[in-house]
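The two complexes that follow have subunit A in common; it is paired with subunit B in the first and with subunit C in the second.
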Partner chain A sequence: MDNLRKKAKELLESKTVDLVIGYENGTNGKARAVFIKDPEKTGKLIYDDRCKQNLAVYLNKHEVKHYGKIAIVAPLMVMRSVLVLVSECQLKPENIVVLGIGEDGSLLDFPSLEVVEKYIAKIPLGNPEPDQVIIDKLNAMSMEQRREFWQNELERCFKCYACRAACPMCYCLRCTVECNQPQWISAPAHPLGNLEWHQLRTMHLTGRCVSCGDCGRACPLNIPIHLLTMQQAEEAFHMFGVRAGTSQKADSALSTYKPDDKENFIL
Partner chain B sequence: MTPETKIIDRVALDKLYESLKAAGNKMFAPVFRNEQTDFEYNPSAAEISYSHIQTTQSVKNTVFPKIENLFRFESGQKSVELVQIDFTKVPRVIVWNAHPCDAAAFSALDAVFNWDYVDEIYNARREKLVVIGMSCIKADENCFCTSVDLGPGSVKGSDILLTPLANGKFIAEILTDLGKSIADENASLFTASNGENKEEVLAKVEKHFSHEKVTENLKDGFENPFWHEFSLRCIGCGACAYVCPICTCFDIQDESKAGNGRRLRCWDSCGFGMFTLHTSGHNPREVQSQRWRQRLMHKFSYQPDRNEFIGCVGCGRCSRACPVDMNILEQLVELEKIEVAAK
Partner chain C sequence: MSRIGVFVCHCGENISATVDVAKVADDSSRLPGVVHSVDYKYMCSDPGQTLVKEAIKEHNLTGVVVAACSPRMHEPTFRKACATAGLNPYLSEMANVREHCSWVHDKGEQTTQKAFDVVRAMISKVSNNGALEPIKVPVTKRALVVGGGVAGIQAALDIANCGHQVILVERSPSIGGHMAQLSETFPTLDCSQCILTPRMVEVAQHPNITLYTYSEIESVDGFIGNFKVKIRKRARNLDEDLCTGCGLCTTKCPQKKIPSEFEQGLGFRPAIYTPFPQAVPNKPVIDHDNCTYYKSGKCKVCEIVCPTKAIRFEQEDTILDVEIGAIVLATGFDIKRSDFFPEYGKGKYKDVIDGLQFERLASASGPTQGMIRRPSDGQIPKKIVFIACAGSRDPAKGIEYCSKICCMYTAKHAMLYKHKVHDGEAHVFYMDIRAGGKMYEEFVRRAIVEDHVNYTRGRVSTIYELDGKLIVKGADTLLGAQAVEIEADMVVLATAGIANDGSEELAQKMHVSYDEHKFFAEAHPKLKPVETNTGGIFLAGACQTTRDIPDSVSMASGAAVKVAALFSSDLLTREPIVARVNRIPGPSHSTCVGCFMCQPVCPYQAIEREEIKDRAGNVIKSLARINEGLCQGCGTCVALCRSKSIDLLGYTDNQMHSEVLSVLEEAFV
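What follows is the complex of A and B.
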């Protein structure tokens, strides 16, 4: 933690970055995002098991972008999200400093995104084990049982869109659910509208999801919607051999066409 | 009417619930499911939770459902026919075991839905609503009812207010004619009060701020740097508004197939980026800090000004639901302290 604070302070003092995004102690024992401009305030930074939010979600926020060059405290999911955002031209590599956090919580030295790519290449990627256990159980069900499971879960959704807001990859200025000419999917939070919304969200994240689970954590109604995108992350890997957030180059499973693809069409 | 106080034990309380349900009332009661406690329609008496501090959602759903059918439309060859919905057929709903904050929130909803337009469907549902409240004997760090003129034993909004005693029985304060008719119809379930004092068992909820001072500060606080600084973390979802017992913003949606369909009123939130987007493309609340400001200003400045009530009952649901720890109590305590430049 001391190394992290020291490094953040140096970056701000030397004006290498204009803003540091990290975690601080929040209310009622929670950890939360903090935005630091003043080098003297870097003592607020913390890193421990409570730091679960995928901070990359802020990199596309208007007010945050406005600050200029940003250093971001980055456990694995944040590193991967940064690479997805760079590959999708949402973030310029020269505007970001990754304050990598290793699996043991130590600060990693990442002078460039190439080093981040090399670091990620050495780490076994996949869904967090507790989530994968549930996904395997769902996959073992019959299609009818699975449909019933999801209908029961999704029916409760009231469309607060916390799942969308929490996701660094859901950065569209106008989401499909808000397009009404034509209306692609039903806006009201009835069972059909909810099913359509979550299917759409899942499809748009296929091959782009880094399995951080923030959509599920954000849901105030405890609907395990992260299982949908996580399942698709595995599916995309098995079908196309790519994992999101491993390279700065665009190589998204569903939106990149290669002449040697198995299919002769793109979605 | 003059309030009366009686006593009811737990067995009789369950009987009262089942008898009201059997009489055809739609019961809306809290149940623990999916690792949280939330209100559901018509659970069995055994399923009802009496041990939770707060439910995830409020009870506004009973009068302002997340989707409300306003009317249907059918297209003929040359005309469109509107088919009105018969609002007189809405069922009688009994909100069972709602905390005093939820019960009190209905008066704010009444004011909003009758402010400049008398909302027929809201009023039809409201007239059929009965509120059986439950005082709080537990509170957590998100509760702040006492800072907004309410309390863990407030009677406001309840037809009957129950207070659980240490001996397993409940004090039943019968507060309205509606409450009295229920008590009278089930008179055998109640026993006489022996002067039990509810104050002894109520949760202790500390007063954290003066809402009058917050409102005063907000009057000149529109351009305060507070808004930018305290909303950087906000990710702009609608969780706070949707779980709020007083947030009433809605969106109108038409759903139709081949010219036939229905017009719906759906929940909306001032936190969403498109909430105030004009047809021209201009958005007066362009960034999240302006939207967050709107949320707090509406509750603690505009509503006190316009409707003479605070748009908040201190239930703390928004703080609990927020995925990024935008804690409303923390912010109100700060707003009480902000320096407001003299004009």
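What follows is the complex of A and C.
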């Protein structure tokens, strides 16, 4: 942790970056995001098991973007999110410094995103174990049971769109659900409309989700919607061999055509 | 409020026999926005069109729906009619109640209801239509012909004779292609080289043709009328201006035993070589893989003997950038070699050869000076078996198609052999004789009747060598599949014609579609045989499918006319059915967030990056922009865009949404 604070202080003092995004102690013993401009305040930075939020969500926010160069405290999911954002032209590689956090919580030295890519290449990627267990259970169900499960879960959704706000990949200026000419997805919360929204969100994140699970954590009703995008992440990997956030120039699964792509889903 | 006119066509009885057209017109007249609705026997006829034109003026229509046939058929007709009446042509729509309704259903109420549903959907769409203006793009009047075989030569000459500049690119050291390798041509038996070489010379001397041999296409960008092509001119290792083509270097080169590509491996060439004596240009190239200098750093005999000091060992490939308006692909075909056939010895029997090898044996300029001698020992074979359909029409070998040229050239081969070896015996195994063409059937008959070639209908199961003879085992299916065994001295396989090596890569560079066998795909099998689905790129000759010389030449002339037509005006008019990225006032400028995930999905490379700058010139936003010249309106980007920032003009989300909803309306009620 000391290394992290020291490095952040150095970066700010040398004006290598203008802002450091990291975690600090919040209220009720929780960790929360902190935005540090002053090198003297880097002592606030922490990193421990409570630091679960995907900080990359802030990188594309207008208020943050105008700072210019940003350093971000980055456990694996943040590193991957950064690479997705770079590959989707939402972030310039020269504007980001990744303060990588290793699996043991130690600070990793990442002079460039290429080194981040190399680091990620060595790590087995997939969904977090507890989530994958539930996904496997769901996949073992019959289609009817699964539909019933999701209908029951999604019925509760009241479309607060916290899932969207928590996701670093949901950066569109105007989301499809806000498109009213024509209105593709009905605005009020009702079972059919909710299903439409969550299916759409899942499809839009296919091959782009880094399985951070922030959408599920953001849900005030504890609907496990992160399982939907996580399942799609596995699906994209099995179908097209693509894992989101492994390269700055990743070919997105759904927008790249290769002659040997599987076509067995075409009926 | 829209003022829409509905015009229901009987199409003689094509529609009215199963659909109650009067009811459709009557029901439509009660739909909101419809101010005029009629039915008529032939809406596409002159009086029918007049009905439309007059109604536009009389009722001041803002939209027209013609319920008739497929838009493929008559959309242009009615758009034109609307335009003459002063209505923007893109405010008219076709409701297809013929192919989609009357032709596929029986007479009945439901059929009439469906016709009405189709009309109603189009009324909903047309009320959301906007006026569109055709797109005009400039045309670079220079054509690129890829491939210097007979098709490429013909296309280049025809375009050049129309007064346009042509760049002809050929990857081998000389133009001429397969035709230059042939001995004599069916059905007239005139010498192939004698009729081709004058054309080759004409290409070289034509003031409008720039010839790049030993060159390949590196990349193609741009769009119809405005292609930007990079051509890799491979190093010949020679100053072409100095070289006189005297050939001294080729005679003195110490490497003499390299199998010649032109002779199909039956003859040899040196490391510095011209492929054949009549080569155009008649300037040698150095084959780096076999040249002693490139292998060991010593030799340079060619440099020493060259009287004009033209050899340049240090020369490197050059990349030429050219601007092109239209492209003709004439990259030709190849054949399967005898090693493709395990049952015929997998290529290990020297005297089992393919058709092209036989052409070289029969050619007066070939390795045997036109004597038919077998490759193994140079003896004159007394008995030859010709096997047609070697590979072709054989799904088990992955080639289902008929190669089309083999029946004819096999008859020719047998005939040539009989003309040269009078006491020889020629046997042909065939599946069917396909001799469709002027004087073709007569030609095959002549081989059978006058030249006594033995034709056996049946296939050959195996060939093996025994005591210097090739034992050919087959069946005669006309005699109840009776086994036939022939002791042959030589076997000629009419192997299947296949797509040329590298055609897939070229198709991908050109963004031209190709079929499962890697032959380039035409835009329409009947009505657009020389066009591709990519605007401004045309096909000639055997790159589309195997074809003979007359077919290749006519196709080349066809492609040339398409190019000339394209070059006949300075501006190209295109349908305005293109995708467009929305623009809104700043600071957002567009709902496009510039993720550029639409870029890789575009099959036409039409999506560019647009930078929005502030007054000081700082980039404040990057967003996608669709190049209207390139966009073909396929809509893939529209479907992919997550923020719905792209719309397809003429098929906007609003139009499609209202169309679909109006169809569903009935279902919900």
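Definition applied: the second predicted complex is superposed on the first by the 258 of 267 C-alpha atoms of A that agree within 3 Å, B and C clash if a C-alpha of one lies under 4 Å from a C-alpha of the other, contacts with A are read in each partner's own complex, and residues count from 1 in each chain.
The criterion applied here is as follows: a residue touches a chain if its C-beta (ideal position, glycine included) is under 8 Å from a C-beta of that chain, and two chains touch if they have at least 3 such contacts.
Just so we're clear, the structure is a prediction, and the values are computed from it rather than from any experiment.
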First (subunit B), second (subunit C), both or neither touched by A:174: both
Of subunit C and subunit B, partner touching more subunit A residues: B
Which of subunit B and subunit C A:241 touches, first, second, both or neither: neither
Contacts of A:254 with subunit B and subunit C, given as first, second, both or neither: second
Subunit B versus subunit C as contact partner of A:111, first or second or both or neither: neither
Subunit B versus subunit C as contact partner of A:124, first or second or both or neither: neither
Subunit C-contacting residues of subunit A that also contact subunit B: 173-174
Subunit B residues within the subunit A interface of the complex: 34-36, 38, 56-57, 66-67, 141-142, 228, 231-233, 235-239, 241-243, 251, 253, 255, 264, 266-267, 269, 272-274, 286-289, 319, 321, 323-325, 327, 329-330
Contact set on subunit A toward subunit B in their complex: 26-28, 30, 32-35, 53, 57-58, 61-64, 156, 158-162, 164-166, 173-174, 178, 186-190, 214, 217-218, 220-223
Sites on subunit C touched by subunit A in the complex: 588, 591, 593-601, 622, 640, 642-645, 653-654, 657-658
Residue numbers on subunit A that touch subunit C, as the complex places them: 88-90, 171-176, 179, 181-182, 184, 204, 251-252, 254-257
